[in-house]
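Dropping the structures in below, format is structure tokens.
Two complexes follow with chain A in common, the first pairing it with chain B and the second with chain C.
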Partner chain A sequence: MLRLPRFRYLRPKDAREAARMAADLGPRAMFVAGGTDLFPKLKRRQFEIDTLIGLDFLPRSVRNGTDECVIDAGATLAAAAHDQHLNIRCAGYAQAAGLVSSPPLRNAGTIGGNLCVDTRCNYYDMTYEWRKAAGFCIKKDGDICLVAPSSPRCWALSSSDTAPMAIALDGMVSLSGPDGERELPVAALYRDDGIQYMAKQPSEVVTALRLRATPQTRSAYVKLRRRGSIDFPIAGAAIALVLHGDVVSDCHIVLSAVASHPLEARAAEEFLKGRPLEPEAIRQAAELAAKPAKPLDNADLSHFWRKRMVRVVVEQALRQVSDQQAGLGG
Partner chain B sequence: MRGEIARDVERIVLVLDVNAERRELLVPVHKTLLEVVREDMQLTGTKHGCELGECGTCTVLVDGKPQLSCLLLPIQLQGRSITTIEGMATGSELHPLQTAFGELGAAQCGYCTPGILLAAKALLDDNPKPSRDEIREALAGNLCRCTGYVKILDAIQLAAERSA
Partner chain C sequence: MKVVGKALPKVDAVAKVTGRAVYADDMLLPRTLHCKILRSPHPHARILSIDTSAARRIPGVLAVITGADLPIKFGILPVTQDERALEHQKVRYVGDPIAAVAATEEEIAAAACDAISVEYEVLESVMSIDAALEPAKDERIQEYGGPNNVHKFVALEFGDVDGGFERAKTTREDVFFFQGNTHLPMEQHSAVATYVDGKVTLWSSTQVVHYVHRALAKVLELPMHRIRVIGAAHGGGFGGKTDPFAHEIIVCKLAMLTGRPVKCTLTREEVFYAHRGRHPVLMWVRSGVDGEGRITAMHFRSALDGGAYGSYGVASTFYTGALQTVTYDIPAYRFEGCRVFTNKPPCGPKRGHGTPQPRFALELHLEKIAHDIGLDPVELKRRNFVQPNTRTVNWLRITSCGLEECTRKVIDASRFHERRRGGGHGMGFAISSYLSGAGTAIYWNDMPHSEVQIKVDRGGVTAFCGAMDIGQGSDSVLATIVAEELGLQPSDVRLVTADTDTTPIDLGSYSSRVTFMAGNAALEAARKMRAMLVEAVEAGGHRYDDVTFEEASVLAEARFGTLTSAGSYTPPRIAGPYKGSGVGPSPAYSYSACVVDLDADARTGLIKVNKVWIAHDVGRAINPLLVEGQVEGSVYMGLGEALMEEQAFRKGLHKWPSMLEYKSPTFLDMPEVETFIVETIDPEGPYGAKEAGQGPLLPVPPALCSAVYDALGVWIDEIPVTPEKVIEALRRKDKGEPARYGPPRFPAIPYPPTIKVEPPPKNLDGHVADQEGTR
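The block that comes next holds the complex of A and B.
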């Protein structure tokens, strides 16, 4: 039976107190909100901690304004997926939240948790006994990356569905640290490293996410995985764009699960700006978007097939956006 | 290095609302709800499967919503309403879903059945007349390795029709 390791559980009253606790305790403590990713990893002994700091105090509301939506970090993925206004103004975000894992896990998992979810790898997300038998990897207890042994770094994959969509929607994340609050673009929240994948301080708590939700913005998220009912992404495309008439005036394309961070497909974005969103432009943009994606053999299914499918998911997402009426979601 | 840290077990007094009964327990803080209901409350109707959040067999309802007890800490659930399979019948009267499952043979080995019944109960409480696809979506987190799901879907539809 897989049991959790022993730990003590601290219950701070607010984010500032939680951040101070984390700063005092250092790497032996971790935050926990929904726990849907943390608890399996603790059971597999992927983290060594002696203290959990509960984020049960985090508010859980979704607030909708004229040009933006603000989601508290404690809101569940299910709440975001079912929020009516979010489904209209940030359709892609609601789609992404509704595609994370399975229904019971979306009832527990939070918006903040999915933004901070650990990177994944076939050689890392295994039990302690499996990893010991296979040889430990650089992300935990080992010296080399078992996917790319000649590389000095870890290539574990960013596996958040909502982070790419939040970046595409110009998301801003609110952080509360021991010494104060700050706001950061979601795009600046990640680093291109499988181990140190977050740019925030470990003691900072994600408290809210603010998304652009102008009536002119259309968005969509398409996710690739083996089982449509539960799995983590093995590729995905988050699209947010603004059309003036039928011409693209602003465009964000962000890929999930093809790098250690959500990958912005800038060449495809630039290509689409100023062009009508027609089938040929969609096809060429999808080709361009797939170029920077270089998946390695560290997730489910063949990495050659995943690379080929990046073009497909981008094209599907662009078609979804093209079929939407502005501001009405899809 | 193995991720075990030698430290004393921190035990806490928990007050949990389980099946509409107030339960007071002294348990280690690191035990999951699955372990507490099975080992400390002897409510063994909740089954343990993968223990990693992938199979749904340990599903319970928290404030009426399905969640996985293998990934829940009881300390986070104080003040919330927990329903296990033992709380589904009313006295000796089975829930309409349980009756329908029995009549249609919607269980074979039965190991996944408690979790599926609770996920289905949450669905029907929220949406008394679900479509076939809505039932499929509601059960997307529950694996069954015996039935092929068809009789399970039939039984949930039958219970919904009878309750209409």
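The block that comes next holds the complex of A and C.
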């Protein structure tokens, strides 16, 4: 069987202590907040560490304000998916959390963990023996990208379902570092790189997520995957928008699993602002949103088809919000 | 009957669902060592040297072995003894075993494997049927076989094929491809061996304790009486545990060398390399039909991508041509088959062994002919159905046959002919047939294929049989038959099974043989036992039904001494008079019919299966609950193969050897299934029973593709039917090209001249049937 490597497990009492431990230990340590992606990766030797720093001290509540919802990073994906207020105010986020993997993994996986989930590539998400046979890739142990050998960078895919939705909902993350705390827009949490995909310091702990949604905000997330369960996204569209009458007054469209970071479809957002959300506008916006998506052959099904499907998921998500009642989550 | 036909729970159900069943990996004998296997990173390479010295120095490592320690070759078929437990000269696929380590911890064994250094001379790899038909660039994969990398040719002809085509009003040719896929059992292969007092004992997750026993004797050079093989509780096989495997031999050797128990459980990735799964098969078929749509002749060609070793491949090749005639009355038939070696994990038997691929081709081919001549496909197929108690042109004996009734059930229940069409909605229909056990053993011998002993003592009854329950319920069938005959409940019968020291032979859980063969052996043994009990009871002036079983057994033991009985089953000799006739004959054939209802999205190419109706002629359902389970499991597996499963390779490596990346349906992807059990009471099956575990898979892929055509007007002539293929077929249709996605051509294969075989008399009584199409 594939065995976990031996590691030390540390249980800090709060985020500051966890951050200090991480800063002291450097790259030989990692945080664990659910572990549903981390433990398989340890077994496959994609992560090689000797210490895990448990984040199970993180609070797990969901709090609701007038124009925002604050979710503690320790809340499970299942809790977020089932939270009544989130389902009303930030419907797309609850939807995204409920589409991650399978019920047992949503009971263990946390919303903080899903924001930080590693990028994926089907040359990388393999055992040590497979990667050795294939020739190691740039993301782990090697020096070339196997999906784009002439490129100097890693093209692993951002595979979080909740991150694009958090960005669409103007989310802010609270980070706790060894020397203090700070808040960062979720969009600024990521970098366009398959290896260094997070812009936060490795020692900083994500402690909470603040989603901003007025009672007028409508949101939806559509996920594309081969099966009804388990699979990571191979494309996805997160939409949050506000309608004044029929007309779109504010709009965010963020794509999942088509780049190394959640991809904001700015041109489509601009196009929709000031237009009524009707079928032709939806079609054109979806067309614009799909343009920047450049899937490569490193996830399930062909990249040609995935590219073609970006338009479809954006349209489906826009139609969902168009059918919703504001603030009621459809 | 009191218990036969009742929907009783499996006899081992509670142990399995409560976690009390002991699988091989659950075993942890004192001082157990853990084994890891070093495998080839290259698809094709010569091994120049292996240096194990660094591995041997690692503390905790007790033994390191290589091919030099196990040089004797083995293989499931006597004609293809081409495998070594460890290869020290040449590797033929990524995953080929090279060296093995026994260590005190599994991690230490893994680290030791990583410390072994192997020097390779990398050879050009052969990754496709086309490449295998070309001359090898460096060297052939195997030294034996046909030209280039061809492993096996088959060329047979029955009846007047050319004349049949001349008589045809319409002929049609099609090319199809059935992608390879793997078994994906929940339990990975696992084996534990001990070596005590000069005797090897192996517990393994296997479907074939007897064949593993034989292979161990050969490779370990030990007499069979010094080896004991025990089938551990089993977590699923589907054909994937039907060969003797390297890890089984390796743990025995390591136990012999170290004197300690040795365990090896494969990782999921290694299970993908052990494989022996569905062959990828390219097929070409040409048929002629007369004005009424009756088949006048058929010519079928297959090319199988066999992977690197023989495994069951010779049999698989024959099977791609054998059973076409068992559903449709084909008066003249030519079959040319070819299996090639490629640098991939070896293919072998998976549920349906070699027959789902031609079934897929045949059903779609007939659908297309029906469209060509403007006949309802169901009607065209019906007109060609075989009749009970006939012999096919290739000498296969058909006895009970519920094809008509199966068809009627699914067509009526699905309201197939009143279906709503258009808007992406469609329905498709297909039929199939499968063996109830292969008529010949894997190695030639005259002995029974299954044997059962029964012991009764003072109220207790124990049945002994070599049969291995792989989850299909063979233990429940044995217990039910013995219970029925003795007037007990299945839970009253103790079973000792799948243990070469204590049970008589059963050849194994493959070819859907166990209910039929072990069932008949159990029936014979139980009837003999009942006769003794009845005689003793009646000698005392009572009737058997009026005394308790305990009283009856005490009376009988007092009268006869130790109460034992035995029964065995040998299939009838019904193979035809030609070379290769051993593949295809079965004492009985099961029949299935299936309708698939789906929605296909023309924009995305995505398919949603709404419902499957399936009827299965099982002869008699000894336990209808288990039959339904087997039928529904077959539908599940058939849908997986039709829609997503794919043993795919990239740069010489298996593309996705993991349960997350290799897509197989989840609960959420499974549609509603309505199952109909059809009973035809077979004259030779136990209580009339036939097989249920494999046949119902076969009609599912073609029915699904027919439904896609019904929905969108495009033929997807290869599976899996992925959304890209649907989109591409629709694009071609829009451009006015043939509305189809599939292989463009069948390669030129240098088949040898066909062996011409005279057809048998059509009826079993020896008379030529007076039926159209045979004159």
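We take it that the second predicted complex is superposed on the first by the 330 of 330 C-alpha atoms of A that agree within 3 Å, B and C clash if a C-alpha of one lies under 4 Å from a C-alpha of the other, contacts with A are read in each partner's own complex, and residues count from 1 in each chain.
Here is the rule we use: a residue touches a chain if its C-beta (ideal position, glycine included) is under 8 Å from a C-beta of that chain, and two chains touch if they have at least 3 such contacts.
The structure displayed is predicted, hence computed values, not measured ones.
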Residue contacts on chain A - larger count, chain B or chain C: B
Which of chain B and chain C A:300 touches, first, second, both or neither: second
Which of chain B and chain C A:48 touches, first, second, both or neither: first
First (chain B), second (chain C), both or neither touched by A:226: second
Contacts of A:9 with chain B and chain C, given as first, second, both or neither: first
Chain B versus chain C as contact partner of A:1, first or second or both or neither: both
Contacts of A:56 with chain B and chain C, given as first, second, both or neither: first
Chain B versus chain C as contact partner of A:134, first or second or both or neither: second
Contacts of A:182 with chain B and chain C, given as first, second, both or neither: neither
Which of chain B and chain C A:103 touches, first, second, both or neither: first
Interface residues of chain A shared between complexes with chain B and chain C: 1-3, 5-6, 102, 228-230
Residues of chain C that touch chain A when the two form their complex: 25, 39-42, 94, 106-107, 110, 188, 265, 267-269, 603-605, 644, 651, 653-658, 660-661, 663, 665-669, 722-724, 727
Residue numbers on chain B that touch chain A, as the complex places them: 1-5, 7-10, 12, 28-32, 35, 48, 51-54, 56, 59, 62, 65-68, 70-73, 75-76, 119, 137-138, 140-141
Touching residues (chain side chain A, partner chain C) in the complex: 1-3, 5-6, 102, 122, 125-127, 129-130, 132-134, 226-231, 300-302, 304-305, 308-309, 312
In the complex with chain B, residue positions of chain A that touch it: 1-9, 11, 28, 32, 35-36, 39-40, 43-50, 52, 54, 56, 78, 101-105, 107-108, 128, 141, 228-230
